[in-house]
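Here's the structure we're looking at; comments come further down.
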Amino acid sequence: MSAKRAKYGMVIDVDRCTGCGACMIACAAENNVPPGPADSTDRTGITLMRIYRADNGKDFPENESVFFPVSCQQCDHHPPCVSVCPQNAVEVDAATGIVAQIPVRCLGCRYCMAACPYHARYFNWWDPVWPEGMERELNPDVSLRMRGVVEKCNLCFHRLQTAREKAAAEGRAEIIAGEYVPACVEACPAAAITFGDLLDEESEVHRLSQRGESFRLLERLGTGPKVYYTSEREWVRALAEKDPASTPGRTAATD
Amino acid sequence: MPFGKFVSLMIPWTILLLIGMYAIFLCLTKGLNQTNMDNRFAFGVWIFLDLSVIALGAGAFFTGFLVYIMKRDELRAVINSAVVLGFICYSGAILILMVDVGQPLRAWFTFWHPNIHSMLTEVTFCITCYLAVLSVEYAPLVLKNKKLKEIPAFLAMEYELHRIMPVLAGVGTFLSFFHQGSLGGLFGVLQAHPFAFREGLAIWPTTFFLFIISAAAAGPSFILLTTWIVSRISRKRLVSESVYTLLARISGSIPLVYVLLKSIDTFTWLNRTVPQMGLSGMSFFLWAPFNIWILFVEIIVFGLIPSLLLIFGGGRLRAGWLVASAALVCCGILLNRFVMTIQTLSLPTMAFDRFMLYTPSWQEISAFLFVVAYGVIIYSLSFRYLRLFPQETELDRN
Amino acid sequence: MLPWIYGFTWQTGNVIFLSIFYCVVAVIFGSFGIAVIRAYRDLTSGRLNEIRWHVDFDDLPEFAKTCRHVFSGEIEYQVCRNGFDCRSCKTHSGIIGVHMGANASYTGNESPSGLTIQSDCMYHRGHTWVHRESDRTLTIGLDPLAERLLWSRGKAELPEVGSRLHVNGAGWYFRNGGSRVRVLSPVDGEVVAVGGRDEGFYLKVNPGDDSDLRHLLKGTEVYPWMTREIERLEILLGADGDGINLADGGVLLDDVAASYPELNWENILAQMLLES
Amino acid sequence: MSHTISRRDWLKLVGGSAIGFVFTPIPWKILDESAKWTQSSSFPYGRHREAHLQSDGRISFRYTTCTLCPMACGVRVRCAADGGRGSLEAVGMTGTPGHPIGGGSLCAMGLAGHFLRYHPDRVGNPVKRTIDKRRFAPVPYDEAISNVVLAISASGNGSVAILDSHPDRTISYVYRDFLGKLKNGIYVIPPSCDSMPTTVTDRSLNTGGLEFGYDLINSRTIVSFGTPILDGWGTQGQFGSISEARRHRGQDKLRLIQIEPIHSRTAQLADEWIPVRPGTEYAFALAMAHVMVHEKLCDIDRLRRDSKDFDGLAGNSFVRLIERFSPKCVAEMTGIPADRIAAAAKETVTRRPSVVVFGGNPASGPFRPEEQAAFMGLNILLGSIGTRGGLVARRELPGPFPASHGSDNPGHLAVKTQLADVPDGSIGVLIIDGADSGSIVPWQAIQRKLSADRHLVVSLTSYLAGNSVNADYILPSPAYLEMSGDVPTPPSAPFASYSLASRVFPGPATAVSPLDFVKRTSAALSVRLGYRYQSYDMESLLRKRAEKIFSRGIGRVFNAETGENEKLTALSLSQFWNMLSGGGCWIDEVPAKLPTTRFAFLDSESRTPVNITSPKRADSGEIALMPVGTRGIGTAAQSNPIMSKLNRESDLRMPAGTVSLNPVTGEAAGLKDGVKARVLTTAGSMTVKVRFDRSAMPGTILAAVGDLTGGSERTNGETQDSILQICKIENDSTWRITNAAIEPA
């Protein structure tokens, strides 16, 4: 509907992120992600948006840490998951640049998960089950995914649809910037996430993404993520490209 | 072998088979939460199994290629056995793949909406076609059973199927080249995993070619190994010494070529591919237990040493040495498949990522053993009731 | 997958890939289909005997397929590729042209391992002899080796009088319980009479007008062949000098099978009677 | 030539047709359709697909106030009409945009609040603890009430207490009225990390019942003693503003100095983290005071004038006290070099306005009274009392009843009693209100107040969570979004505010509101409740209170629908009421005037200096066990199944039953990362999972508190061991630090 080509992306100010998890919960509630059963773990759960804690690798008391909210990085250039899917269940929307999983076509081979350098794809290891009655509180705009398929963040594409419908109802050809924001962006209490059209040179997200303090994860792979991070801290920026072997690795949050 | 003894030998395998069936039933009805795979280890021991058995089953295509295309008639002595092994390996692999995917009922979507850029599409298309080929190749062996042969239709069918064998061998070779390669490509294209990623020759990463060669190396070794094992168990001479020697020469020289190419590839990867990504190649080997030994073992212990033994010891060494060397070659290929699947996934990709290991659940292991038991049983039945080794009768004189 | 299926594109790669796939599928199913059609034709056109022999012959070990001209010492090494049917064999006709006289000169009776070879009989590789009677009919019987092997192998199932036999087709059978041994027919022709062990012959066949018996062994070829066959039997019996002895003082036992009941006689007989 | 059709012809026809069929589009179309069908059908998976809301597409928004903790965030509930049932269902939660307290955002708990109505631990019917004490069995409501009434009448020597974790609500006034009418009624407030009880402010500041809050947003330096300022402490709006103020504002950039042994989330993100040894925070504060006084960085003359015991007195004085806490001496105690202490003191005093915050974290509870006095002393030194960017007093928020203005009216209402001040073993009947303070209180701290021989515990909760699991009776009250109520000023907020938590959905018929409980109990006891509200329903009471606020004629009102603020004076009463009930918020913007009072640095009664023994050092084998947890820990909102995203499906929060240790400490105890270990204290032992964290202070054990997140298969009534069970509860009802040992399990 929208004639203009857009490239939606976000800039996450990791200096602001306190790892409160609001984005993760907002995302799960918005996208009808079921709560993991009792035997799920951080390796089998579904967190389309997930916050990782990273640190500077030093010991107490010099240790400093940072929280990285990582959802699908919305690779702009040859997304690794698109080319590996044997049955075209991952599609890139040309009009918005959104990389979207089509769970109904997914057979659950999980090759895309192996291909994703950001571990941003999640498999439905269990049937989606909510406690009795809770399924009535699910978001009617988002369909459920069944067991055995892969899912990931699609930048709350349904919200874009809603915004477009609203624009159309009001006789506008284009949606207004700010009419469409993903749930995580909306939920962040620290306003750490800026979302918008990276092609729109007047947008805040464009401005922030062009700053020297902005970086993307694993840029060396050439996948061109549309999710930018920004930090004033040198060591944090260095994390993006750092050889995982040279850092002691991720630390689980322990508070 | 008396029937009673045969049955008693089959009982443990049948039990394994039943346990495996139960595990598979659990996985299909309750979902893959029955496994210990996770979002990081999206591929687990089953993919390792698939890659391994398909490599070991490569003996079918390679022997077929040598017999029907290259007209090496000596190898007719093992072609039937090779076909059965291939059939077992491929059907086992496909069976496990069907359990491994989350939505088996949608497996055919790959044919319906194929993404030709995916190595997995290539693999799926090729192995299904090749399984069809192997089934057609296996059919005459079954039809040739003395009892079945009495039925005129079966006899005629067997005869006619035999006549189209060279065509099928040709198609099989073509398919095998592609899917063995694609299985290598499967991991070689993963730019996300610099450990597995390889630069391309034409549209395929180098692992594509390495997998073809390594499969060609594993196939004959595995045939040598199985033939020897079966002949020990059945206490029969199944093939002549010259066939052993020829197999040994083949399963020595191809691994040698493979080891050479693999070394070149590893050096290129260490000194070119990985540094270009801003990483240090050796850093992948810092994570215990997958330290540098794994590379050493794969290339030297399981590659160079056995292939040299097989080539130069072919005529001189005792059969035990040849078989041990062949076993080492097979281990080398298995280790390679393990490294490509499990080690690749265990290594972190991001700085705030962790090195992870995983332990397969009993369901995964049982399903794995199901394929092994299935293979043993099918092979044993085939050996007992079909003529797997044409030379057997001739040589069966202590 | 198909042009009118959702998601199909006409990209070059797609078209190439799918074309190759369809070609492969066509080849696999096409050749399989051809095999099915051919098999159907084989069944309807009665080529079954021929095929059965073809299949059996194909599976014989090379050792059992040695050319008759190797027995006669005319050539060093040759494995028969023609199903023991010398009538259409180029090698045979070539050699016969040179050595025509050699066979004719042979007259003596010899008995390897106590098996008597009749000089007036022609021998088929399926261990039958053929004797041309004066009335142009052919009498067919088991050679002494087969006779000894089949001594206790049950009843002969002979074809009905009037039925037709084909060279290398099934001649008659010996049935013993569930197992059955096939004896190859040495000649073409119509069965005119049946006999049995007691009669000294099994079948009498009217070969018709053109009875070509070139494929049968005769003369000097028979002795080396028989020797080779005994050797083959020894191999099959696993004779290694310390356990099984085929011969009692150089003479083959009358009922070999009865002497070694522990062996897989079904298999041995099949091997010896060229039924793989 | 025969014209009959043989079987063979039939076969040919059928075979030919089959082959021909393949070359028609039909089979392919069928395949394609079945592909689409399997893509959209739930068969054989997804058994919940049918249960998915049959929405007719109509989406509406309802505005209300979150009551999951006292922080009063504005909530916008996204509602969809369920065509199938003809009911309205909540399908999403966000903060009310522009809300003056919530700032338009919600915390993780709040964002999933709509799921709580169907929480697996929700109590549907009144239940009674069974004889074997292990389970609950349904009980008729009337029987439950008569048993409670019986217990109250029989509680001769024990008192009747209501434990209210969210005081100052309208229902709180009802409780206090009811208790005031009983001869042995006490109204108890549990400790919380957010509140600064008047017992603390009255003692140090002599402000006569005035309530204080922190004006953090206007500060330039925040010195936080173990308070999770960046981890859910305070209101969401304040947190957003702090985030903004820490990044921008140039010279006035807000700096946060976090002083605590725990490498908490706030410590990780603070501008400076000063990791003092466990239990030595007060010493650090006194050393800062030492530096300020000795280097004359504060207005000594004013301090002498304004306080009773700054110096000079014959006996003990603050100056005398801090003599003993020179940076050098404290460096030894805290493990922080003297110059760093001095630097922190100087920075705090020069980058004013500064404020010292000492809430404590939701799991470890508040500091001990003496420690609080030390921190308050630092605030006095900094001149932060009653000033912008410091500790400000709030103007009073009127209650619903006529006579209750000024301080609490003992004649009518039971006084607010801190749990610590309730004598041990004195409570005969304990009624626990279902509201949550956001902080956890160990059951042992409550239990020790119960009469040893006979006591009855009644919980008016909606969920079998937190301390309700210890109740004898659970009388379910309507859940969040189902109950009308109100939300007074958040405990740490600088200004008074008031919002209504309007009911959005009807609650189940079996749920009885606390007001009805009080009415029925008092009727059965023949207690006449005051102010004739026996006949009032909650809405009338709320309206009464709104009227009283309206009559003050001060402050502004936020309109949730429009997002605009209006002066209260510009509104009519009905407009005001509509705005409040439509999810709006009244907020005062002027602090209370402080009376000219005399500050007290030292404890007014004993006049003794603080006397706290710090736990033994790590090298002596004893390790400091410190409970940690985030806001709402132990409540139904935190054990919401969807919260598994944070606790279980990621490692963002340390799940219950897990402890974190420095690898050095762990290895010294013979442990490895990820293993099971046993933590031993004088109160008992517990098996836990070990996580190594090199950021943790050696010699400490950080123990996660709270429920494991309920999975969808979680069964009702299942209780878990909490690390709090082995924490030592001090006589002053604090439990911050326990000496412990850890060994491989």
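By written order: A, B, C and D. Residues from 1 in each chain.
Methods note: a residue touches a chain if its C-beta (ideal position, glycine included) is under 8 Å from a C-beta of that chain, and two chains touch if they have at least 3 such contacts.
For clarity, every value in this text was computed on a predicted model and none was experimentally measured.
Compare each chain's C-alpha centroid with the centroid of every protein C-alpha atom shown, and the nearest one belongs to A.
Chain pair with the most C-beta contact pairs: A-D.
In terms of their C-alpha centroids, the spacing between subunit B and subunit C amounts to 39 Å. If you average the Cα atoms of subunit C and of subunit D, the two centres end up 95 Å apart. Note: centroid distance subunit B to subunit D, computed from Cα atoms, is 59 Å. Rounded to whole angstrom, the centroid-to-centroid distance between subunit A and subunit D, based on C-alpha atoms, equals 29 Å.
Shared contact sites, meaning residues of subunit D that touch two or more other chains, fall at 32, 39, 45. Each of residues 37, 41, 44-45, 53, 88, 105, 127, 146-148 in subunit A touches at least two other chains.
In subunit B, 103, 106, 109, 112-114, 117 are the positions where the chain touches two or more neighbouring chains simultaneously.
Chain pairs recorded as touching, per the definition above, are A-B, A-D, B-C, B-D, C-D. Interface of subunit C with subunit B (complex): residues 1, 5-7, 13-14, 17-18, 21, 24-25, 27-29, 31-32, 34-36, 38-40, 42-43, 48, 51-52, 54-55, 58-59, 61-64, 235-236, 238-240, 267, 270-271, 276. Of all residues in subunit B, only 103, 105-106, 108-109, 112-113 touch subunit D in the complex they form. Every residue of subunit C that touches subunit D in the complex is listed here, in rising order: 2, 4-6.
Against subunit A, the residues of subunit B that register as touching in their complex are 31-33, 37-43, 100-104, 106-107, 109-110, 112-115, 117-121, 124, 186-187, 189-193, 277-280, 283-284, 286-287, 344-345, 347-356.
Chain contact summary for the complex, subunit D toward subunit A: residues 39-40, 42, 45-49, 51-53, 55, 57, 80, 82, 89-95, 103, 105-109, 111-112, 114-115, 117-120, 230-232, 236, 239-240, 243-244, 247, 262-266, 268-269, 273, 275, 628, 641-646, 648-654, 658, 660, 662, 691, 693-698, 702, 704, 708-714.
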